[in-house]
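Scrolling down, you'll hit the structures one after another.
Note that chain A is present in both complexes that follow, paired respectively with chain B and with chain C.
So, the complex of A and B:
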C-alpha cells in the first residue's frame, strides 16, 4: 500500500493517525476561534445574567383568554403557567409586556380576568398593546378603560428603561386587511424619536408585525415603512410583535424583527393552509408550540439578546 | 498550481468566515439558532482555512467545500422557505451577503478544480 491519501485500498495506520491529528486540530481551532469571536462580539455578555444593571424584560403574547376550541381547551391554564414561569425566573424582570390579543372576544369579564392574572406577576411594571381580538366591537374602548391609562391617541405610548427607549404601537384599529398605524400615530413616532441620540437602543412593540411576514393573511402593517423610516438612523432597533403565534425573525438593515409565539394555540406557518386558523396538535405537543420570551440588554452591547423559552 | 489553489481556497473560506463573524458581532448573535450557526460557521471556516494553508489532507478540502455548500444552502433557505424562522430578502445585508456568496462559490470551484486535477494525475500515474 502506498502513502497515497486517497488510496482505494484504504488508509494505513499512519495515514489514519495523520487524519485524526488534522481533524483534532480542526476541532480545537474551531472551539478556540468560536470562543474568541464570541468574546469579541459581546465582551462580558455571558455575565449579563449576573449583572444587576442589565435590562431584563419578558414578552408574552396572544393569551386569547376566553378561547374555546380543540387547539387548546384550557387557555387560562396555559396563561397561568406562563405567568408562573415568569415569576420563577432567576431574576425579577424590569417589566413584562403583553403584545396583544389578551382576550379572545373583548368581553368585560375576559379583560377583568386577564388584568387579575397579570397582577400576580412579580415584576416592576406590566405593559400591554392591544390585539385585534381586544377591540372586536368597540374600537378598543373596553381595552383602554383597563389598560389605557397614561397612553396617547388610541392607546400608543413610549417609555425609557435603563437607557433603552421603548415605543408601544397600536396597529389593530382601522384594520382592513393589514395592520394600520395611521397619520396621528406616525406623527407621534416621528416626534417621539426626534429628541433621541442615534446610539439609543430602540425597541418597538406592536401586535401585528411591522414587516411583511405574510401579507396574504394580513401579517404585515400597510404604513409601517413610514414609521420605520424614522428609526433608520438608530444603530439598534428591535421590533417585537405577536399576532402570528409562532417564532419568526427577520433583519432589514439596522432593524431586527422578532415575532413571538403565543400562550394559547399555534397558527399554521405562512401559506401552509388556506387560512390562519388554530392548529390542533397531537396530544402532548401543545406546550412545545407555546412559550414566553426573555430579553436582556447590557449597556455597551450592540443589541438586545432575545431568548425564546417553551412553556414549562 | 495545487499550492496556489489550496491557498486560494483558504483565503476565500476565511473571507466567508470573516463576513459571518462580522454579521454575528453586529446583531446576528441575538437571533436564535442563526446566531450560534454564524459563530460555528465563522470559527470552523477560520480553522479549516488555517489548516489548509499548513498543508492539510484532502479531507480538509472536503470540509472546506462542505462549509461553503452549507453556507450557500443556508443562504438559499433563508431567502425562500425561511431557516429556523429566520428570513431575509435578496442580497441583504449588503455587501456581506453578496461577498459571502461569491467567496463560497469560489471555494467550491477551487476545491472542484483540485479534485479534478488529482483524479487526472492519479489516472496518469495508474496508466504509467
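So, the complex of A and C:
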C-alpha cells in the first residue's frame, strides 16, 4: 500500500488527536462551461499554502499504462510528467491517491511499471483504488497482490489524516455495466463510519463515479445510494472519482462529487459520441485535457479546496 | 475455466438456420448484440477492433471469461444449458450483449 509500509490506521489516530478542532468542510469552486477551473477564493488559500499543519493531498487518475493508440502515443511519458509535477509542488503532500485504471490491460509488467513510477513520488504515502482496467481478467488478483496490502475484502480500506476520514472503495469488480459495491463493502462502510462524529470531514475515493454522471455509458454505481445513505448525517462529504477522464462537479445535499481528469487521454463528454472511446485531439492540445488534482484542508477554515491543474 | 481463447479457428460449425453462432467485436460493440442458439452450440467471438476487448459474464459466477483478445483473436464457448447469458467487455463495460440458449 505504501513505500513506508506504515499502517494508515496508526497514522490516523495520532493525527486525529492532534487536530480536534474541525469545522464542516465546504467546497467553493469556480465553474465555467461545466468544468471546474479553480477553487476556494479568499484568504484561506494563501494561509493553507503556508500552513505546515494543513492537510494536503494529490489525486491522480487513469494513467492507463500500456495503452497504445492515437489519443496518446506516450501514456508512460504523460504519467511521468504528472508525477514530476507533484514532486515540484513546493510542499510535500501528505499522500497521493491514484483513483484507478493504473494500467490499461492488467498485465504484470504494467502493474510493476506503475508501482515503480509511483515509488518516485515525494510524499508520505501512496494509495490506490482499482479501475476496471486493473481487473480485466482476474477479478483484481494481480492488482491486490501489488497494491492490496492492508486492505479488506476485495481491496477496500479507510484511513485518517489530520482529522479527515478517508474511505477508499472498489466499485469495478462484478460489473453489471454500472459500477458495483456489493453487500460486503456496503456493510464495511456502515460500520466504518458508525463511530465517527458527524462533524468529521469525510472523503470517499472510488474509480467509477458514485453519482449518476451518465448511466448510459456506465458512469455511475448501481448501489451507491446505499453507501451514501450512511454518510448523510455528516456535515461534509467529498467524493473523488476517476474513470470518466474529464472534470465534472455535482453537489447533492451534504455530498459533493468531483470527477477527475486523466493523465492518459480524454474521453468524450456524455452523449456527444456513440460510445466513450478515446478522443484524439489536435496536435498540441492533449496536455490541456490531462492533469492532476491538489486538495488542501486547514483546521479552522470553512473550505476544502479542490484545485485541478493541467499537466505542466 | 470453461472457455479458452483459440486464435486458430477449429472445425467450422454449420449454420443451419437464421441464428448465428458468430459474434463480431467491432467499433466497440458486440454484433449482433443478441444471439439465440440451441443448447450445445459453440459461439465464437472475434475481435476485429485494434483495441483489445474481453467477453466476460456480467456480475459474478457466469461462464464467460475470456482472456484479453487482441485484434484477430477469438474466444469460443459451448452453451449446454438453456438460459439468458448477459456479458460485457471488462475493458469497456459499456459494451454489453446477450446470448439466449434455447433447448
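One rule holds in what follows: the second predicted complex is superposed on the first by the 265 of 312 C-alpha atoms of A that agree within 3 Å, B and C clash if a C-alpha of one lies under 4 Å from a C-alpha of the other, contacts with A are read in each partner's own complex, and residues count from 1 in each chain.
What we mean here is this: contacts are C-beta pairs under 8 Å (C-beta built on N, C-alpha and C of every residue); 3 or more make two chains touch, one makes a residue touch a chain.
This is a predicted model, so every value here is computed, not measured.
When chain A is checked against chain B and against chain C, the one touching more of its residues turns out to be B. Once the two complexes are laid over each other on the shared chain, residue contacts for A:236 go to chain B alone; chain C is not touched. Once chain A of one complex is fitted onto chain A of the other, the partner contacts of A:198 are absent, as it touches neither chain B nor chain C.
Judged by the touch definition given at the top, the superposed model places A:256 against chain B, while chain C stays out of reach.
After overlaying the two complexes on the shared chain, residue contacts for A:305 are found with chain B alone; chain C is out of touch.
Of the two partner chains, chain B is the only one that A:248 touches; chain C does not reach it.
Of the two partner chains, neither chain B nor chain C is touched by A:120.
Of all residues in chain B, those touching chain A in their complex are 21, 24-32, 34, 39-40, 42-44, 46-48, 50-51, 56-60, 63, 82, 85-89, 92-93, 118, 122.
By the touch rule above, chain A contacts chain B in their complex via residues 4-6, 18-19, 22-23, 25-34, 36-38, 40-42, 236, 246-253, 256, 259, 302-308.
Note for the complex: chain C touches chain A at residues 27-29, 50-52, 54, 56, 58-60, 65-68, 86, 88, 90-96.
Within the complex, the chain A residues that touch chain C are 69, 104-106, 132-133, 135-137, 139, 173-177, 216-218, 275-277.
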